[in-house]
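This report concerns only the one structure given below.
Read from first to last, the chains carry the letters A, B, C and D; within each, the first residue is number 1.
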Amino acid sequence: MTNTQVTHVQIDNYGPWTVTPEPRREVDLQTLQSRLYADLSQLVGNRGGYVFFSRFDNMVAVTNGLTVDDHALIQESVGNRYPVTMSLSVATGTTPAEALGTATEQLQEAGSAQDKSRREILRGRAIEEEYRTGEDLQIAHFDVVNATGKYTDELNEFDTFIEIEQGYAELMRYMRQAYDSLSFFVGGDNIIAVCSAMDAEDYRDAVAHVSDAVDVELQVGVGRGAVAHEAGMAAKHALEECRATGEEVHVDWSTTDAEPPA
Amino acid sequence: MTNTQVTHVQIDNYGPWTVTPEPRREVDLQTLQSRLYADLSQLVGNRGGYVFFSRFDNMVAVTNGLTVDDHALIQESVGNRYPVTMSLSVATGTTPAEALGTATEQLQEAGSAQDKSRREILRGRAIEEEYRTGEDLQIAHFDVVNATGKYTDELNEFDTFIEIEQGYAELMRYMRQAYDSLSFFVGGDNIIAVCSAMDAEDYRDAVAHVSDAVDVELQVGVGRGAVAHEAGMAAKHALEECRATGEEVHVDWSTTDAEPPA
Amino acid sequence: MTNTQVTHVQIDNYGPWTVTPEPRREVDLQTLQSRLYADLSQLVGNRGGYVFFSRFDNMVAVTNGLTVDDHALIQESVGNRYPVTMSLSVATGTTPAEALGTATEQLQEAGSAQDKSRREILRGRAIEEEYRTGEDLQIAHFDVVNATGKYTDELNEFDTFIEIEQGYAELMRYMRQAYDSLSFFVGGDNIIAVCSAMDAEDYRDAVAHVSDAVDVELQVGVGRGAVAHEAGMAAKHALEECRATGEEVHVDWSTTDAEPPA
Amino acid sequence: MTNTQVTHVQIDNYGPWTVTPEPRREVDLQTLQSRLYADLSQLVGNRGGYVFFSRFDNMVAVTNGLTVDDHALIQESVGNRYPVTMSLSVATGTTPAEALGTATEQLQEAGSAQDKSRREILRGRAIEEEYRTGEDLQIAHFDVVNATGKYTDELNEFDTFIEIEQGYAELMRYMRQAYDSLSFFVGGDNIIAVCSAMDAEDYRDAVAHVSDAVDVELQVGVGRGAVAHEAGMAAKHALEECRATGEEVHVDWSTTDAEPPA
């Protein structure tokens, strides 16, 4: 069983803002979005969490180890430094999809994403310290087998990108439907998934599914931990094993039982 | 006919760097990548160009109006401020796909993306001033019809993301294969495409294809210009027309014939 | 008595780097320095601490509440994202000047600021949790009385700047020599000082000294706390009192005894 | 004779914003200010100009080579990405002090720095292309002789900072009063001055004045150019000569007559 704490991050009324009073320069919007994401990565990441950019105006964070007060501070800091504000909704579940479902619902109950008067909502609860364990999170780090040799150095960049993108689109849908797990493209040929209690066989199934469906070959390292950084770093090391040995799936079930970072 | 100038941006030897001497913290990599993209957006954007993050370690820029010297300055500035360097390859073609094909080839000829000694390559040529016109670029701005009402306010955020992502994956592949056009997800429910000389009927075909294939309904505004900002801004205004009138495709063939920004 | 924990931040071998292989573009150096400072402000600030830019290549931070592990994480994150690395030295003392003296000594013992092989030093110890109190820090927030009306809206910007600068240069020297307190210009007409156990009379003396020496009239709010943010926020509120009432010095000796942020 | 184009950058109504509805977190203000400065450094710097942070809420830029349209674009970009806006006033003069005097006056005529309704002012004129020459700008780069050996590696960091600061406070005042030149601390032990048509003897006088007044020994390299980057880079190279030879003042009167960057 996993116990994933997920935060749904939503920029308040962002769509309308981008075209008011008339469409804003695209490069400024891109700069704003990617810097906000970078800031959240640092603010959440320095407490052991992960943020995924997903749609940029809506982001998904894995926040085991962060309290609601931590969220409030991050929300205030963004409000002080950006022309837009953001709402945060925190929830927990035995699968990441379930946790996110609750988080999104809490936000939807507070109003529409394009409601002018709904600003800086902060809803939900963090896992009580006493219920946290070193196995709360399971994270998988996928990449494409020999992406540089097979694609980057051979095809034009867009055709490489098409391959990666088709692989990602298939994996993210399948992992969600079959395993209630949330997969995010993180650049290059890398995909990081926040997973339910999948076992090695499940990962082999996911990799096989993508290979069959869109002919993109993945490998994956899997780790566990009390916070995203811990599980994610174990997954990275496990993926290094795949790269070294040619294994398709490498899982590292050891846990440190280390206290999560303060 | 279009005359798109495309730049392939590639971080030098990035994959190996991210795991040397051992895997680096994911949140730092995410911060680095998204800030580099934000910086490039500003540097290129303040000369009228567009950059798309695509895979982050490989990015695609539309650089009509930028000289090779401009590229050299941007390359130097990044080299001065980041722990990684980047290579740039510039090319032109009658379709965006053709231009990118040439740009990528020039880079591949200089060495592998993971070649330790291949650093800060700068290849290619910009369009001579005298051959530039106000119709060199055609840009299309797509979004999903009623995304907030149909998805964001109704589904959990990941399921919304799946819909957007499937729509994007289908569109980017089809636009490439049928029209030699390059489409990029830019956040929210927005996709910006740098296009060949497509007409309104072609756009209707692309929208219908995505609707048939993955049941995601798109609308699109299209504009032209001498630089990306000009064409892109016309496309944004055209998309506002779609939003106001319910049109599926709105093209704005007027051109300003304005001088590109210095 | 105060119990200030100070961190001396030093970019490793920075001077030589800025001119190797030849002088780097000044605007890139300025961008690098100010962004590094901004990042540290967030990383330290989100744990309740303050960083002052002072000379940019050498910065002073007030880090009560941050452990040595927190410092290590910040150091690693900067090393992952910048072309330069930084050394950190932490120390405590009954006055801020004494604490910084120890911190700097620890760094000097590790090698010269321009030693090529001295990189990412991390020295010193944080205050043990059990010895921390809600009165460990005393922070004063000074500004210039009616700076906008008297200077900004009247003189050319450089002459205004001269006035502010002369006031700062005098205050920072006097506060150091008379009170072992460290004063930092933080923009506008604001100076924030990390102080020894000064009382209201001492502050009146400092304000009078600056007025006599360089004819710049200051007012000051003073607060206390377990961490810099707490003491600094109390000082800001106290300064608002001065602005409202015309008081020259307003001290707020109440303490929250709140637990420092985790 | 010099022909310096100066831009006075002023954040609109910033003081009141920082305390409304109550004082904002200092670390967020510091982050906002330093990132805005970093952005301006890039935006202005990529067109060959320099920006100095001076008071952060009021900055001074040397903008030879930038048109009023360039200024408008920078102003719009900042307005799109920050919670504050800024006003810009451009002016020219035979001395930098005169130019800034005009620029500030234009801004003051538009309203107070703390006028709630005065936003995004853009005033003034750029030098017409036909009147620009390769000698329009004279820039001096000062640093402290053997600062690392004499101060950084010997004193505690604040006492080092006091020395640098006293040297700067004296130089900036003297250069303004005796030579109508504007000097800015840029980090470390470096000061960059935008100068009137001073000759080598004048620089020797300034260095001697600082040495007599506050016992801080400076050296200085001086260069000329059509834009700040050009003059500043020549000054940096000239300063390298001082470091190599022990000269106190090194001037490089050669000019490239190169066209300013587009």
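By definition in this document, contacts are C-beta pairs under 8 Å (C-beta built on N, C-alpha and C of every residue); 3 or more make two chains touch, one makes a residue touch a chain.
It should be emphasised that the depicted structure is a prediction, and the values quoted were computed from it without experimental measurement.
When each chain is reduced to the average of its Cα atoms, D sits farthest from chain A. Two chain pairs, B-C and A-C, are weighed by contacting C-beta pairs, with B-C ahead.
Distance between chain centres (mean CA atoms), chain A to chain B: 23 Å.
Mean C-alpha position of chain B lies 43 Å from that of chain C. With each centre defined as the average position of its C-alpha atoms, the distance from chain A to chain C rounds to 36 Å.
Residues of chain B in contact with two or more other chains: 25, 27-29, 31, 35, 42, 45-46, 77. Put simply, chain A touches chain B in their complex at residues 8, 10, 14-15, 19, 22-23, 25-31, 33-35, 37-38, 41-42, 44-46, 50-51, 53-58, 60, 97, 100-101, 103-105, 108, 112-114, 148, 152-162, 164-166, 168-169, 172-173, 176, 182, 186-189, 192, 229, 232-233, 236-237, 240.
Against chain A, in their complex, chain C makes its touches with residues 39, 42-43, 45-46, 67, 69-70, 73-74, 77, 261-262.
Against chain D, in their complex, chain A makes its touches with residues 24-25, 27-29, 31-32, 35, 76-77, 80-83.
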